[in-house]
Each structure stands twice: as structure tokens, then as C-alpha cells.
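What follows is a group of structures, each given as C-alpha cells.
The two complexes that follow have chain A in common; it is paired with chain B in the first and with chain C in the second.
Let's turn to the complex of A and B:
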């Protein structure tokens, strides 16, 4: 394969890299946001949240993927035999643990006064959380969410270890293993692709968050 | 089901040893280089700042897999210098960690930076002396929690070593699963070992932070 083909071949992996990362990112919000509020306002069950965070932040993503895909996939081919599902599942759960900590910091940043104010005008606890806290917490955590997104783009390269998903990393390894065994262009270009995918969006989220924070007076 | 643990204990220990070695080495090399980068970023001129920004963007923006393969295959191919795979791995993790730790150290220096620098200069110390005797000793105490986080994420990324031909904890797991055809229990045990090592180390660092922290720093950080 010549230079142009290599570049086209690698670029075709971008949609898959993006879809793995974005799906896990959204799953992470869906898991992390409720967990952060449970951790902040429901003291009786907060140890469950702590254990969940410890486990998913303390085991390498590679080991989790091998465990779910080859280990559990043996007994439950549906759904864990599916590489895409397992990849998004593992990265989503891991991201949920990270995002829970990001949101917890944001809840502390927004402050307790707003909860008390909302409850004093007659909102229930969960109404106050949903209508008052959540919009501000999301704004407050944009820098953290930006780096979490960048982390997921990079971690999506781990899905190469379970195989079968033609994202950027997997494609560059393929190119290394087929004639003419090029080890320069694929890896250099893969590095560039990842940097392009992570950097602008993380930066943009950070800027947007700062602007928005000023606007709503946080 | 778990007989393999005693049967293959030497492999597991050997793998764990490499994981621990590379993590500790990487995190300390990263602290050294990261501190230099942070100082360069604060005091340096435009060129130095630009170089540091590119360095950090490369090591924070690309996956550890790509960095390992670049170091293992691309660099020797271009330069025609054969490199020892262990040395390469040690260096990659150190340089990678430096990219992250630069940010933490810079943040810590900036927390205590301005007035104390002036105070140091007014007592007749040079900038370098103030940095060495006043600012860095405090910055290293402030940075411990973020440093612990960095340690955890570096430990987790060392799992990539198994795929560039080094015998770490994941390689041990792969070999055992290959020989015994026991899969799920092997990864449960390997996962548990990582979890125990990371959780234990984090606890230790929390204790050290509490013992060493600057009195009243919690108020300053708010």
C-alpha cells in the first residue's frame, strides 16, 4: 500500500473510534450523574457508589475487556460475545465511575445553598436536583468532561486487544502485519489522528463551559 | 477453578514485578521531567513554552499503544538504532507520565507561587534558590493527591505492555489462560491483583498526604 492508501485506510477507522467513544461517553453521563447525586444526598447507600468507583477505576481497561469478552463471553455469547457491545460496555462503566467523581466535584462547586433555596420554595428533593442542580452541574463540569472525552478517544484504542473492530489502532496494526510491513506511516498518522480527535473538542468544551459559567454567574 | 493461582504463582509474581517496576520508574521519571517542564512553562520564553506545549499535546493526545509502537518499531526503523524493548517501555511510560505531571506540578506551583516568590526574592535569594528551597518543597506536598491519581492511571496503562512483547501481569494472565483453558477465573484474579495494588497504594499515599500536608492548605485550595 502506498502513502495515500495508508492514509485513507486509517481515516476510515475514525467513525468507529468516534462511535465507541461517544456511546461510552453518553453511557458514562447516564451512570455518573445519578451516582454523583446518590453519593451526595443519600448517605445510606453511598458505600455502593464508592465500591463501584473503586472497582472500575482500579482495574485496567484491557483486563476488563479481556474479562468480559473472553471470560463472560464464553458463558454469555449474547451480549458479551459482541466486540462492539463489550467495548462500549466496559468503557461506559469505567467512564461512569470517572464522571461520577467529576460531577461530585461540580455538585460541591455549585453549593448546597441552591438545594436549600429550591426546597424552600416547595420543590421536592429530586425536583430540586433535576431542575436546579443538574443544569448547573453539567455546565460546571465541562472542563472535566472534556478531558474525560479525550480519555475515551484514547482508551478506545484498547479494543484492539479483543479484535474484530476496525478502528484506528486496529487498522494501523494490520498495516504493520501485511506487506510491505510499513511501521512508519501508520503509527505516525494514527498518532496525528488521535491528537486531532481529542484536542479541538476538549478545548472547545473548556471554552464553552467558561463562557457559560460567566453567563449564569457561577 | 482457582488451582492455577498456586500452580502458576511464579508467573503471576514475575508479571506483577514488571508491572510494579515500570509503574514506579515511570511515575518518578515523569515527576522529574514533569517538574522541569512545569518550571520551563512558567519561566521560559515563547520558544520553550511552544516546545513544551507540543510535547504535552503529543503525550496526552495519543494513546499509550500508539506511543509504544512508535518507540518500538517506528523510531528504530528510521534511525537504524536497535533499542532494548525494556528500556523503550521504561522511557515511554516516563515520558508519557511527564506530560500529565507537568500540569499537576504547574498547578501546584501556581497555588503558592506569586507572593512567596516575591518574599523569597526580597530576602536576597535568587529565583532558582527560591524555587529550590521555598516553592518546590511545598509544591511537592500539594501535588500528592494528583500524583496518586497519575500513579493509578499509569498502572492501568502498563497493561498495554503485554502487547509489545513484555511479560507483565496481563501477559502472565494470557499465558495461563492459554495453557489451562481457564479464562474467566484467570481475569478475575488478575483484575483483583491490580485492584488490590492500586487501592493499597492509594491508601498509603492518602496517609502520607495527611501526614505531610501543609497546615491550613485546605483553606487555600478552596
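Let's turn to the complex of A and C:
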């Protein structure tokens, strides 16, 4: 395999790396946003959120991945026998724990007054959260969300341990294991690809967020 | 049928050891304009927030018309939709334009159709004379414009009463004038208002009753003439002297 073949072969893993990362990122928002608001406004159950965060931030992704795919997958082949589902699921759960913390800080940053103002016009708590808090919290969170996205792109490489998902990392390891057993080039290209996938989007998100924040004075 | 729009009966609210509201009762009839004034930190704002049930009173009752808001099980969101509230620090929704700020309650709380909500929001903006800012974000407007949007947000849904918590005290004197003009217009239209304010010339002009509030309770009530000619209580006397001196110095 020459350079061109290596780069093409690895690049073909980009869509899969991206889809695992983006789906788990969105799952992370779907989990993290409600958790952050529960933590902020429902004192009685906030311990559940704390426990969730501690568990999923405390266990290495690779352990979770193996546990869910081989462990749960054994007893529940549907859906955990599906490598793609399990990969996105595990990363999504972990990202939800991270994002819950990002959003919690943002809720504090946006401020309680916005909640009170929304309630003063007759909004219910959940209307106030949805129409007033969430849009501002998302804007406020952009730097944190940018690094969370970058983290997911990188962590998607752990899925090579469950095999069968031809994303960038899995492909690099395949290349290492076939003649001419080149242990350098595939990983150098993989590293470059990861940088290309993380850096511009994280930077764009950060810039967009800053511009928006300036505009609305957050 | 009474024409009482809002009533507070023996309301109490403590913050730890601080007694912000201590046995305060008050009746506001349709078309009334009442003005609460007194030293800062005396609990006026807390009382006003209790009236709108934005802060829950510890004891006592709040009535909106015939409905007791302090009973358990009352739909407070529905009640608050009938009470306009204007904040000292304005608290416009930062992510929405002026129009968006005014429309939100009309669309989401009153559930009006899009066109009707738009028309009513525009009418409210027109009333406070800030239609030129309708597509601007709060951060892009002056404090006076922001507060007038705050007033538009409060009046757009035709509430039974508007509670105003020091609507001008966060503004420069220059910007205060435009907000006062807006309030004067509302007064002329017969809007029922309970205002916490230290704008004495304005009070003199529009208020039917002034309420001197200190250390969590009502010390003295009377007409503006009563207060300007000489209130009975020492505390009110002192406060009036200070405020009138300050106003003339300016």
C-alpha cells in the first residue's frame, strides 16, 4: 500500500467516525440538557443526576464499550449486539454526563432573573425553560460544546475494541496488521484526519457562539 | 361584584432574620394608581413580588379579583398572565428581539394565532413608542428603550393590573423621562397600577394614593398632597425632606 492508498482507505472511515460522533453528541444534548435543568430546578431528585454524572464520567469509555457490547450484547443482542448502536449509545451516555455539567454552568450564567421574568408573563416553569432558558443556555454553552464535540471525535476511536466498525481507528489498525506492516504511516494519517475533523468545527462553533453572545449581551 | 382588582391581606415574608414584609394589607381598585415609596432595602420590591406570586408569601393572602392566589392548587401561571410586572433591572429576554419579547406571552401563554399576536404586540410597541426598535435585541437598545419594551411586554396581554418595581431607578435621568412619559400615558388611559418609585413629581401628578413603606410594613398612606404638605410620621417626614432636597438639587 502506498501513501495514496493509505489515505484513501483511512478517509473512507471518516463518514462512520463522523456519524458515531455526531449521533452521540446529539444524544448527549438530549440527555444532558434535561439533566442540567432537573439538577438546577428539582432539588428532590438532583441526587439522581449527580449519581449519573459520577458513574459515566468515572468509568473509562473503553470499559463501558466492552461492557455494553460484549456483556449486555450477550443477553440483549437487540440492540446491544449492534456495534454502531452500542458505540453511539455508550458515547452518548458519557457525553450526556459531560454536557449536563456544561449546561448547568450555562444555566447559572444565564441567570435566574430570566426564569422569573418568563414566569412573570404567565409562562409555566417548563415553558420558561423551553422558550427562554434553553436558547440562551445553548448559546452560552458553545465553547464547552465545541470541546465536547472534539472529545467525541477522538473518543469514537475507542470503538475499535468492539470491532466491526470501519471508522478511522479500526482502519488504521487493519493497515498495521497487513503487509507491509507499516506501524507509522496509518497512525500519522489517522492523527491528521482527527485534527481536520475536530479543529475547524470546534473553532467555528466557538466563533459563532462568541458572535451571538456579543449580539445578545450574554 | 366588587371593583377590587387586587388585594393583599396580612402578608408576611421573611428572609432569614430579615422581615421584608410584615403584616402588609392593601386593596387596589380598578383604575387606581398607587405608589409605594420608602428607603431602599425596606422590602418594597419583595412585597411587589409577593403580589405577583413571584415570591411566595410566608403568611397571608393575595387576591386577584375574587380568586385567592395563596391557596394551594391555584394555577399561578394563569393568574400571572393577568398581572403585568415591570422589573427594576428590566430583564428582557436577551435572545429575542423587542417584538419577540412582547409576542412570547401572546403566543405561548394566551395561545393567540400568529397574526393576532403580531398585531397586538405591534400595538403595544406603538403604545410605548418604540416601534423603531422592534427588530433589535435588548442589548442593542438604550436602557430607556429597553424599559419601555419591558412595559410593552407587561401591557400587551391586557392584564388586570400592572405592578412596576422601580421602573426608572436603573436608568440615567435623561432616560428616566421617556419611561415616565410612557407611564403617564398609561395613567391617562386608566390603567390600574401599583408602582414602587421615588419619582416624586410623577407621583404627585398621577398617584391617587402614596404609601410610605419602611422596615417591612406600611408606615403611612395618604394623597400626594398629604405627603408633600407634611406627613404625620417622623420617618415619612424625614424621608420626604431628603427626597425633596435631592430632587431640587438635581
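Assume the second predicted complex is superposed on the first by the 218 of 218 C-alpha atoms of A that agree within 3 Å, B and C clash if a C-alpha of one lies under 4 Å from a C-alpha of the other, contacts with A are read in each partner's own complex, and residues count from 1 in each chain.
Keep this in mind: contacts are C-beta pairs under 8 Å (C-beta built on N, C-alpha and C of every residue); 3 or more make two chains touch, one makes a residue touch a chain.
Quick caveat, the model's predicted, so the values are computed rather than measured.
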Combined model on chain A: chain C and chain B, fit or clash: fit
Partner chain(s) touched by A:135 [first = chain B, second = chain C, both, neither]: second
First, second, both or neither for A:18, with chain B first and chain C second: neither
Which of chain B and chain C A:7 touches, first, second, both or neither: neither
When both partners are placed on the shared chain, which of chain B and chain C touches more of chain A: B
Chain B versus chain C as contact partner of A:57, first or second or both or neither: first
Chain B versus chain C as contact partner of A:83, first or second or both or neither: neither
Contacts of A:199 with chain B and chain C, given as first, second, both or neither: first
Partner chain(s) touched by A:160 [first = chain B, second = chain C, both, neither]: first
A:70 touches, of chain B and chain C: first, second, both or neither? first
Least C-alpha distance (whole Å) that remains between chain C and chain B when both complexes are overlaid: 20
Contact residues of chain A, present in both the chain B and the chain C interface: none
Residues of chain C that touch chain A when the two form their complex: 52, 54, 77-78, 80-83, 85, 87, 89, 91-95, 104-105, 108-110, 137-140, 153-154, 157
For the chain B and chain A complex, residues of the former touching the latter: 57-58, 60-67, 69-70, 73-74, 77-78, 152, 155-160, 162-163, 170, 173-174, 177, 183-184, 186-188, 190-191, 194-195, 198-199
Contact footprint of chain C on chain A as seen in their complex: 113-114, 116-124, 127, 131-132, 135-136, 139, 215-218
Footprint of chain B on chain A - complex, ascending: 54-55, 57-64, 66-67, 70-72, 74-75, 150, 154-155, 157-158, 160-161, 169, 172-173, 176, 183-184, 187-188, 190-191, 194-195, 198-199
